[in-house]
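Listed after this line are the structures, all set down as structure tokens.
Below are two complexes that have chain A in common, paired first with chain B and then with chain C.
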Partner chain A sequence: MRNAIFILTLGLIFATAGQAFAAEEPQNVIKYRQAVMKAIGGHTGAIAGVVKGEVSFTGDVAAHARGIQEMSKLVSKLFPKGTDNKMQEKTRALPAIWEDRAKFDAAVKAFQAASANLVRVAEAGDPAAFGGGLQELGKACGGCHKPFRAEEK
Partner chain B sequence: MPQAVPGGGKIDTRLVTRSPGRKACGGRPFIWAAAALFHLGLATLAAGPAAGAEPAVARGEYIFRAAGCLTCHTDTKNKGAPLAGGRALPTPFGTFYTPNITPDPVHGIGAWSDADFITALREGLAPDGSHYYPAFPYPSYTGMNERDMRDLKAYLFSRPAVATPNRAHDLKFPFGFRFALWPWKLLFFTEGRRIEDPSKDAQWNRGAYLVENLGHCGECHTPRNFLGAVDRERRLAGNPVGPEGKKVPNVTPHPGNGIGDWSKSDLTYFLKTGFLPDGDFAGGAMTDVIQESTGFLSDEDRAAVARYIFGLPPISGPGAGP
Partner chain C sequence: MRNAIFILTLGLIFATAGQAFAAEEPQNVIKYRQAVMKAIGGHTGAIAGVVKGEVSFTGDVAAHARGIQEMSKLVSKLFPKGTDNKMQEKTRALPAIWEDRAKFDAAVKAFQAASANLVRVAEAGDPAAFGGGLQELGKACGGCHKPFRAEEK
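Showing the complex of A and B:
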């Protein structure tokens, strides 16, 4: 009996937790997703300093590449329905994300592939290949920002 | 695939020697930066014509990239063939449709002589003597030297011909009257090849040629008056209604409104990769320009662009940098 009550309580806790997740405030999701994007931008900004020769931390680029790759796995779920810039404030996510989800998913895939490739070339320590990997990564960012992010006001 | 391209694959050592970190850390960052940049240069050449191609064609491809012909003359949105035209350019004066510039003899420019081609770029005149609208940026291309024009034509004529018919422009009254372009040209168009400024060095002059003529940056980044002429007083100071009705940023070295707080290497890196100094990746029309044009330039040429841009007078408003 005790066990049954225990399991029931546990189930209830999880159920409410799940509820809370489903009812997450759109503004909080937007804030979180922008923070993730900023983290990605932080890594690319840091890489730029190394590639431009402004700093000597060449050993760090692989860590930054891995950071981007980790973040790339989160991107897809950051865009639940109801968080576009028509329905919400303080976001530049265009409704096109949900209108053409297949294209958006393809942009996410391309981003994941480009960041995985960047990790590979960074870990191989081959600066020449790294330059090409960076250009490919840029294409992946642009390939999503151009169709799916509103321009700055 | 190395080619006879001016400055192709050269390393912009300025980017590297300028760096504050270099003294403290010896050669490593130099190797990284140089090799990464070097590779970008090579990668851009990999898409070029087959080995053993005519030098004029190979040179012409570089001019073609620097002049950014592809983005406007291809209707990417509707999956149009490269250079077959048809891309809509909505402007305050109506919608322009770019023409087919493949070597198709009927619908493209395949029947043009070298002289026809040069007249189009230099004078803004079609082979039948009619005037072009300045949506075709001949007010910039007019400054090109003749060799670049000829090589550009050689490259275009090496591309596949596509028989896509041209689409008529859809312009608002009274801009549909082509004869009105003659007084327009008298007022606003100065024909002629760029003359180098002897008081400036070669890099500055090359930068001026790339920015003002080949790259035609001002066609989007400079505001236009109510008759569609660029406002020379506000050169590159941003355009509140650029192509596609969008705001185009101020790229003069003004610290608040332009890119005055960027370093030269911020700009060359941006023109090569598209990454902004804060690590963001802009997604506007400039993305295409980087991927189809400035990303293909040699590091030397991008450095020349930065040199020229940061030597411009800083002009305030409208809007911040890209």
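Showing the complex of A and C:
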């Protein structure tokens, strides 16, 4: 019994240590967040090149769409409290995210839905439908960037 | 018989038209190529943040690795002749790519192998192995960027 309590206590200590580790420095979360956004931006820009007819790589669109969709699942956790542009430098994330988290969460869900739709459209393989899928994605990007991101200085 | 020849001729005309369409403007290929590289850079930077312990999102690494691997399959065709930094602005791609295409192709294959390995390592889910996988990927990036990319101005 004593051993069991000892082990439980040890477990709690490690659990607490784990949580402490999980609460990373805000500037590191911001740096990671921007790397994720860079990946999303790269994939989206590439799809735009195909949709505009600048390049003929229609077969690449599904790969880019999958990349965006995988990233869309990570976004929500990348906005912990304390990572806004009033508390931190090098970010355009507005405090509005945490003042109206429900609206923010809904916008993230819309992004996830739009990227899942783009994967479906891209994997179906009809290039004529790619533009519509990209447009929907663009709207979803704006759904966060317009209300929740500061203008570029 | 005459009909068959007519249809064959038509087919040839369309095949040629298709090729003409596929030969896009060099500056558009470069723009697309840079979007692909941006996506790779975003994913790689994100993994680096995890490996350095700046963030604890070990569960994200597989998604980033898959993104890089998908992109690695596209890279080879993104370097058609005429897209080097002597013939085009806004690119650091050296003519050496086309002067020693075999070496370039081998470097692309090494990148594909390293990113496939990183997917395996990430999906196996042991964070202690992520650093080794990322290091191998970094070497593969350098395998193209050192001999085949001009210094940043």
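Throughout what follows, the second predicted complex is superposed on the first by the 132 of 153 C-alpha atoms of A that agree within 3 Å, B and C clash if a C-alpha of one lies under 4 Å from a C-alpha of the other, contacts with A are read in each partner's own complex, and residues count from 1 in each chain.
Just so it is clear, contacts are C-beta pairs under 8 Å (C-beta built on N, C-alpha and C of every residue); 3 or more make two chains touch, one makes a residue touch a chain.
Small disclaimer: the values here were computed from a predicted structure and weren't measured.
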Contacts of A:S56 with chain B and chain C, given as first, second, both or neither: both
Partner chain(s) touched by A:A106 [first = chain B, second = chain C, both, neither]: neither
Which of chain B and chain C A:A124 touches, first, second, both or neither: neither
Touched partner set for A:M87, first chain B, second chain C, both or neither: neither
Which of chain B and chain C A:G41 touches, first, second, both or neither: both
Doubly contacted chain A residues - partners chain C and chain B: 40-43, 45-46, 48, 50, 54-56
Chain A-facing residues of chain C, complex: 21-22, 24-25, 28-29, 31-32, 35-43, 45-46, 48-50, 54-57, 60, 63-64, 66-67, 70-71, 73-74, 77
Contact set on chain A toward chain B in their complex: 40-46, 48, 50-56, 58, 127-132, 134-135, 138-139, 141-142, 144-147, 149, 151
Chain A-facing residues of chain B, complex: 15-16, 19-22, 24-26, 28-40, 42-43, 246-247, 265-266, 269, 272-275, 277-284, 287, 290-291, 295
